[in-house]
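Labels run A, B, C, D, E, F and G following the written order; every chain starts at residue 1.
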Amino acid sequence: MLKPLGDRVIIELVEQEEKTASGIVLPDSAKEKPQEGKVVAVGSGRVTENGEKVALEVEEGNNIIFSKFAGTEVKYEGKEYLILRESDILAIIG
Amino acid sequence: MLKPLGDRVIIELVEQEEKTASGIVLPDSAKEKPQEGKVVAVGSGRVTENGEKVALEVEEGNNIIFSKFAGTEVKYEGKEYLILRESDILAIIG
Amino acid sequence: MLKPLGDRVIIELVEQEEKTASGIVLPDSAKEKPQEGKVVAVGSGRVTENGEKVALEVEEGNNIIFSKFAGTEVKYEGKEYLILRESDILAIIG
Amino acid sequence: MLKPLGDRVIIELVEQEEKTASGIVLPDSAKEKPQEGKVVAVGSGRVTENGEKVALEVEEGNNIIFSKFAGTEVKYEGKEYLILRESDILAIIG
Amino acid sequence: MLKPLGDRVIIELVEQEEKTASGIVLPDSAKEKPQEGKVVAVGSGRVTENGEKVALEVEEGNNIIFSKFAGTEVKYEGKEYLILRESDILAIIG
Amino acid sequence: MLKPLGDRVIIELVEQEEKTASGIVLPDSAKEKPQEGKVVAVGSGRVTENGEKVALEVEEGNNIIFSKFAGTEVKYEGKEYLILRESDILAIIG
Amino acid sequence: MLKPLGDRVIIELVEQEEKTASGIVLPDSAKEKPQEGKVVAVGSGRVTENGEKVALEVEEGNNIIFSKFAGTEVKYEGKEYLILRESDILAIIG
């Protein structure tokens, strides 16, 4: 298992087939394009300057859309994941 | 349904016809031009460094004007939306 | 009506004639030149990192001077307005 | 009257003659050169992230020295003024 | 012994052989590539603007993945280490 | 008298002769070189985002070393001074 | 004596011979190389935005490693020192 730190989230990319199924289609445009993923692990949250820990809004199992160029790719036990900060996640699909 | 995170808002663009109806016409000028939209979903708010969650000022159904180059386009169940941060919204038309 | 968000303010530009009347004349210089306007609507204020809402100092009806290159132009019901942040306002003329 | 906003201050430039009188002479050097002025109006102060308003240290009538390239020039009722932030003021001459 | 300061962490790089054993394989891509390491010492934590010390999430002995270009190399008693900030650590493997 | 604002300090430069006397000699190197001065006036302190005023550590009469390119030169009643922020002061010689 | 201000620390560089003795050897690499030093004086600490003074973690007499290009060189009573911020110190050797 990979346990992300702070406000980080680990996601699996959702393939093009599933993407169509869940209804997300990305338009052709010059604007920044988001991508779909599924949350497989969440960090324990960020700590504010007040010393409080703020839990994440997303949960394991959420389907999300995120900024395309965000995050770091990693392969673990043969599968590919992406580690993002929650602030790179735009919305939950649900 | 798409549920935006934090201080994000999902809007539908308001077409040129409606734009005339609600009274917004954009002047020809070199300045940054705003655009009109309708809020279809709002996030739960941003968390301050004090650990408090601050609810958004805009609500579902509000007609708004926003900075033209802000946000990320997404197509969901055949319709196009834009995901913005609330700080990219200039005013509510009401 | 347009309702500005946060610490934003909507102003009408004050024309050259009125400008002379209220006494503001802009000098010829290489420095940044301010411009005169009249406040027609104010936002509910900004929220500090402490979670408190800070009301604006300017009020509807105030004549103000502001940084020339600030803000976003918008035409609403046939009239032109400018949407500024309060921090772009230099002084109230009163 | 002009009422500056926040931590802003309105000053009259002190002419070269007065400058000699009060004792400030600017050296010839490559360093940033300060300039002398007289405070004619002060804002109500800045609001910290804690929501507290912090009053200005300078008062109406103070002779001050300030960073030469700071501020915005404005002509009001035939006289020229400069609108500065208090942080551009280096010292009070007293 | 090396004792890292603040939110710093000292790690040993995990060699390619161990990397395969623990299951991390880095994909070939243009994205930023993470690297695997083992935590050998942790700092006492960062101090927030509220004056509170926030302990680190990682502990001595954790296997971690971190941003490849982060940190400072140091050789101590014949062994090589890397000193990182905790914010450069992406996830704990375990 | 000049009264510096906020966290500012007014110093007299200490001449090369005195510099030898107090023991500071600057090495020939490509690194940033500090300079020696004597504090003649201190501001009342900076105000934190919590609204508290933090008094300066340096006092009138302290001999200090400071970053060479910091501050603003000013001539007052025939003497030259430098106005610095306390953060440009490296150490007190004592 | 030199008394550093705020979160600053004064160190003596540790020569190559001592460096070998204490076990630090710097690898040949393109990465930023740290250097070894001994703390001879520490400041009273930084003041947070909450108005609290945070004492330093390092103490007089500590052997430390720090970022090579940090700090300001100064010669005092014939000896060379380096004045650093504590944040430029990576670890204590002990």
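Brief remarks follow.
Here is the rule we go by: a contact is a pair of C-beta atoms (placed from the backbone, for glycine too) under 8 Å apart; a residue touches a chain by one contact, two chains touch by 3 or more.
Which protein is which chain? UniProt says A, B, C, D, E, F, G = Co-chaperonin GroES.
Keep in mind that what you see is a predicted model, and the values were worked out from it rather than measured.
Listed here as common contacts of subunit D and subunit F: no chain.
Per-chain CA centroids place subunit E at a distance of 22 Å from subunit G. With each centre defined as the average position of its C-alpha atoms, the distance from subunit C to subunit G rounds to 50 Å. Separating the centre of subunit A from that of subunit G, both taken as means of CA atoms, is a distance of 40 Å. Touching two or more other chains at once are residues 48-50 of subunit G. Following the touch contacts around the ring from subunit C toward subunit D yields the chain order C, D, F, G, E, A, B.
Touching subunit E in their complex are the following residues of subunit G: 23-27, 29, 31-34, 48-50, 52, 54, 57-58, 65, 67, 86-87, 89-94. Looking at the complex, you find that subunit B touches subunit A at residues 1-6, 8, 10, 41, 44, 47-51, 71-78, 80, 83.
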